[in-house]
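Heads up, there are several structures right after this.
Two complexes come next, and they have one chain in common, subunit A, joined by subunit B in the first and subunit C in the second.
Coming up: the complex of A and B.
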């Protein structure tokens, strides 16, 4: 069986922040009633995590659950575990009105790493989001616009940012992030 | 002569000389110079020519308000026209050239216009070039275009980087003078998150030049101390070289940061456009000095009094040995005193006020300066530089009383608060009669979503000119802004300040007040656009009573400086000519940006590879490496065809069609929209969305469907596959994926919110490959053990299979009329599958084909294409698609609309095939003519071509079109005139040209 490849095959660029494509990630989109106990149980069964609050992401042991909209979550984990996660959700939610779908291949994920202030600046050049410390912190999950494309961002930990966008525009996203992180472009606002 | 003084220049680092060139001439300045101060230090008084009369022009100001001294800065990929020398920091190796002259700055042929000025009054162009009519386009316009314009457009691609930055603050203070510093401090001390921006590289504004005492010490002490305090506050951000460019609704603010202009060799962006959301904005933008309107006020060497003072104090530059000061207020006395103290001559201060000045005047007199009260300047002697002034009685008509020799004239007509940013978003002004200026009206501030004002003016921008009042006012503005954003200001007083008491200004809009027409024709209002007192008066006489009309008629304030010097003087002249008070005339509209900002900064990151997102399929790189001639489809790039070396595009397309029909073609169909629709009500939902019945589709089967909008018009089509009882997969057109998904969600969220349906757009999850042609089953069978026989996977069926070791889904559908499959695999395996199919298909001469071959093959079969056969006005019934419209359903989107009389009108044009009699190909979009003409005298028409191709299969042109009563007129011949007049005759036929019985796909 052929090895599946991500859009940019882990390409990277080094500026005042390092930008790298993360390779294929497991992602399952789940739509359903986020208030229902059954859905919460299914999420725990699939990812070992609770249902996050509005605008938040929970993470543990390599898996995350992010709040996407009032009736949508995104489960993230290793690529190989996307199908098992989806199957677990389907099994737990049998008979419920819900939709779990594997979207791993539809997305590209980027990792930004460096000084915390610098990582924030790179995003603030492209997304209309208040990236100030104390405002955007680990645990927040934000769907937004990155220049001309939709994107979602979160900080797994200080000094690290993740960006998810559609696979077809991965090239564009890499150019944006890489250019924004080019040396000499430090803004020095969050330092 | 203007020159560098031996000492002084508080902003200079004299130890570091910088070389630069002006019009090819090598000159030298020092670190800290602006280009303006460096030019003056080199006695370069003449720096440009005016727009209309090509009059010699010199530097008139020292800041952003400069109207004259514009240069083309840099060369080639760094060339930029119309750059103000007063706001350009000097750097080593700077090159610049003056503008708007030919052949040279010193000798300019266009200056003849100045001699003709009497014949070129306001509105000259409008009056003169209107007759005879055809002359405008062919004679006048080309000549005017040739002679118009200041700077040249850049020719090379800009080599610099630009970017945006999104920022959020409670309080943004614009302007880093003493008012801005105090306002920022007051807001910062209250705990608000503050941004303080200053457009120049220096903090403190005018105060270090203008003097006075703050807490008993010179202003520099206050500036340094406050800056240190602000730097120590974590909640305060300080930026220099950043201009508040525009204020917009809801506290949106643009900050224009010139990061790299002064250090062109540094890495990093040249400009950064800050897109700021501010809770409150404090405009501490200062004030701009007004010129006086006397004859010859545009001669190089006539400058604003404050500018002459700035050049002396900040840059150690003397504009002339002998400077005559002419004023209507006390402030200009500071210039005289400053110059005198530097050892320069001030032959006289001409004060238009009969009563003269106050304490500053007394100081000037004490220094031995001659002061002439109640006098004015009648005439400035000299052309390319000042040689002297004739003085007269301000109350008279300009009879010269005396000529005073001098090299420079420092003029001051009073100060106008910079109210631009206050006004951008609707802040109103009032006319302060005593101070002769428009001031922000605090009761009519720009309001935010809560109806409360979100902009406050502070300091001179609020009309405060006394140092103590400036600080009090700014302190209050900072505190109020902090309070308005939920912070508690500290209970502290503003620093105490003292300045010399001043006598009131007396407005002087014309000098002398009864100036003759000869003088008025040489008294400039707008220096850049050559608008004089006489022009505005003429406009008033000719009925241009609205200030906005007078502006456009005379071009007053329409230059790149947007009338920063000229507007108030101009509207005062207009008011006088109309015999009405100034507030009744009002101001023209202040629009962003405050001064021009670079277009590149607006584009930000959107250039080159990041100009626009281009969507790429997993096979994109293969296509690019194999001669893909790209076609944009939505944001995707799809191969139109794959060109082989030596092949034309047409050849490639014809080859791809033939190869596919004869043997095996491959199509990258990954861009097709794929939407999962799941839930107990999914079938019911799709029955409403599609014109045909979807709920009866069996799992494992596919059905072609049409989607209409609520007006009945066909908007999308595609194949729906039922995955299981609850789940459907809807294919949409490439361009329709996002809009159809949004369309589904809109209906689910607004109308059918109680239906149990979830959708997910999985377009990008899958790579999809069309395997098309008589050998398609053979190649798949080579790669799979699954039963893909005619029975094992019948037409319009789908099944999950294993193909080349990959888990895949095979849809047996056909858009070409051939035996055909679409294979989908996860996108990450798309390229692998593509490679495997190429390898396995090699023995069949496998041929990847592009969108044009796809189009031809579907047209040969008479399949419609959304966007060709439809254009938003076509209903499925027009296209003979009745078979795909369910008669059994009670309702579907568009059903009622399609029953309306216009939709059922039998004269609606209907789809037919068109076959040219001579075998040629009809032009796309060509119309079939009918007898007679319509009410507009245009030829009547009876149909049009919607799709047209040369069919390699049939060896002739084929087309589809919409024709009046078309289906009832089989065999009729229509006439289609080409643009060149040649008429092509085409016969109406059935729209299926190839394999009418569908035998090829049913094998």
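Coming up: the complex of A and C.
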């Protein structure tokens, strides 16, 4: 077996916010009828979580389930758990019109950490999203545009943001986030 | 700036999160249609100053298509609605009538 590595192998950059590539992450895309009881049961079997409401992400014990679109969820967990999660979904959803795909090696994840106001500012520089406190808070999950690439963002807790994008643009994303977080580039809009 | 609300996921964002899909409610003439019908479908788009109906896709968001009714002069959006319809719903037409009395667009008014 070849040794799997993430796109940037945990590269990091320190500015007024720290930017790290998260290393290997397990990610399973699930498409299907999000209102179906069978799908909800499958998600619980695979990740131990419920189906999140529109635009939300649920997390517990190292697993997350994010609402991607009216017919799509993203299950996140440890890299080694992606295949077991996909298998569990396939088993539970046998005969249903649904599709579970292990996309772990097709995505990259970044972690931004620092002061809450600073972390919000780095994202606000790059995405057309209102990052004001009270508007964007933990629990929200937002797919959007980050400069010239699609990205998904959420806030596990104040002072931390996660960003997921396609693996093929991981280097671009790292440069974007790193530049936006460079010392001397503080705007202080949320301070 | 054009600001749209996606009816599929509820997100409100400026237009760079979306991708325009051209004029709404076209009849797609294909095999078996007359040359005039096919020509009209391909080339004869309206280009109104004022009320307009368009298709948009939430390309950098939930990925879904939807319809938007807006004003091409002011960029005011009267409303967005499902892609799964061949005509503007009544509540959208009512909203336009409240702001642009006497409006018309193709066969709709």
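By definition in this document, the second predicted complex is superposed on the first by the 191 of 191 C-alpha atoms of A that agree within 3 Å, B and C clash if a C-alpha of one lies under 4 Å from a C-alpha of the other, contacts with A are read in each partner's own complex, and residues count from 1 in each chain.
Definition applied: a residue touches a chain if its C-beta (ideal position, glycine included) is under 8 Å from a C-beta of that chain, and two chains touch if they have at least 3 such contacts.
As the structure is a prediction and not an experimental result, all values here were calculated from the model.
By the touch criterion defined above, A:129 reaches both subunit B and subunit C. Within the superposed three-chain model, A:184 lies in touch with subunit B and out of touch with subunit C [touch as defined at top]. Touch criterion met: A:69 reaches subunit C, while subunit B stays clear of it.
Looking at the shared chain after the overlay, A:145 reaches subunit C, while subunit B stays out of its contact range.
Contact with subunit C, but none with subunit B, is seen for A:54 once the two complexes are overlaid on the shared chain. Judged by the number of subunit A residues each one touches, B leads among subunit B and subunit C.
Common to the subunit B and subunit C contact sets on subunit A are residues 128-129.
Of all the residues in subunit C, the ones that touch subunit A in their complex are 8-11, 13-14, 16-17, 59-64. The touching residues of subunit B, counted against subunit A in their complex, run 161, 163-168, 193, 237, 266-269, 272, 275, 277, 604-606, 609-610, 612-618, 635-636, 676, 678-680, 756, 758-760, 762-766, 804-806, 826-829, 831-833, 836. Within the complex formed with subunit B, the subunit A residues making contact are 1-7, 24, 29, 31-32, 71, 97-99, 101-107, 121, 124-132, 135, 147-149, 166-172, 175-176, 179-180, 182-187, 189. Partner subunit C is touched in their complex by these residues of subunit A: 54-55, 68-70, 72, 128-129, 142-145, 150.
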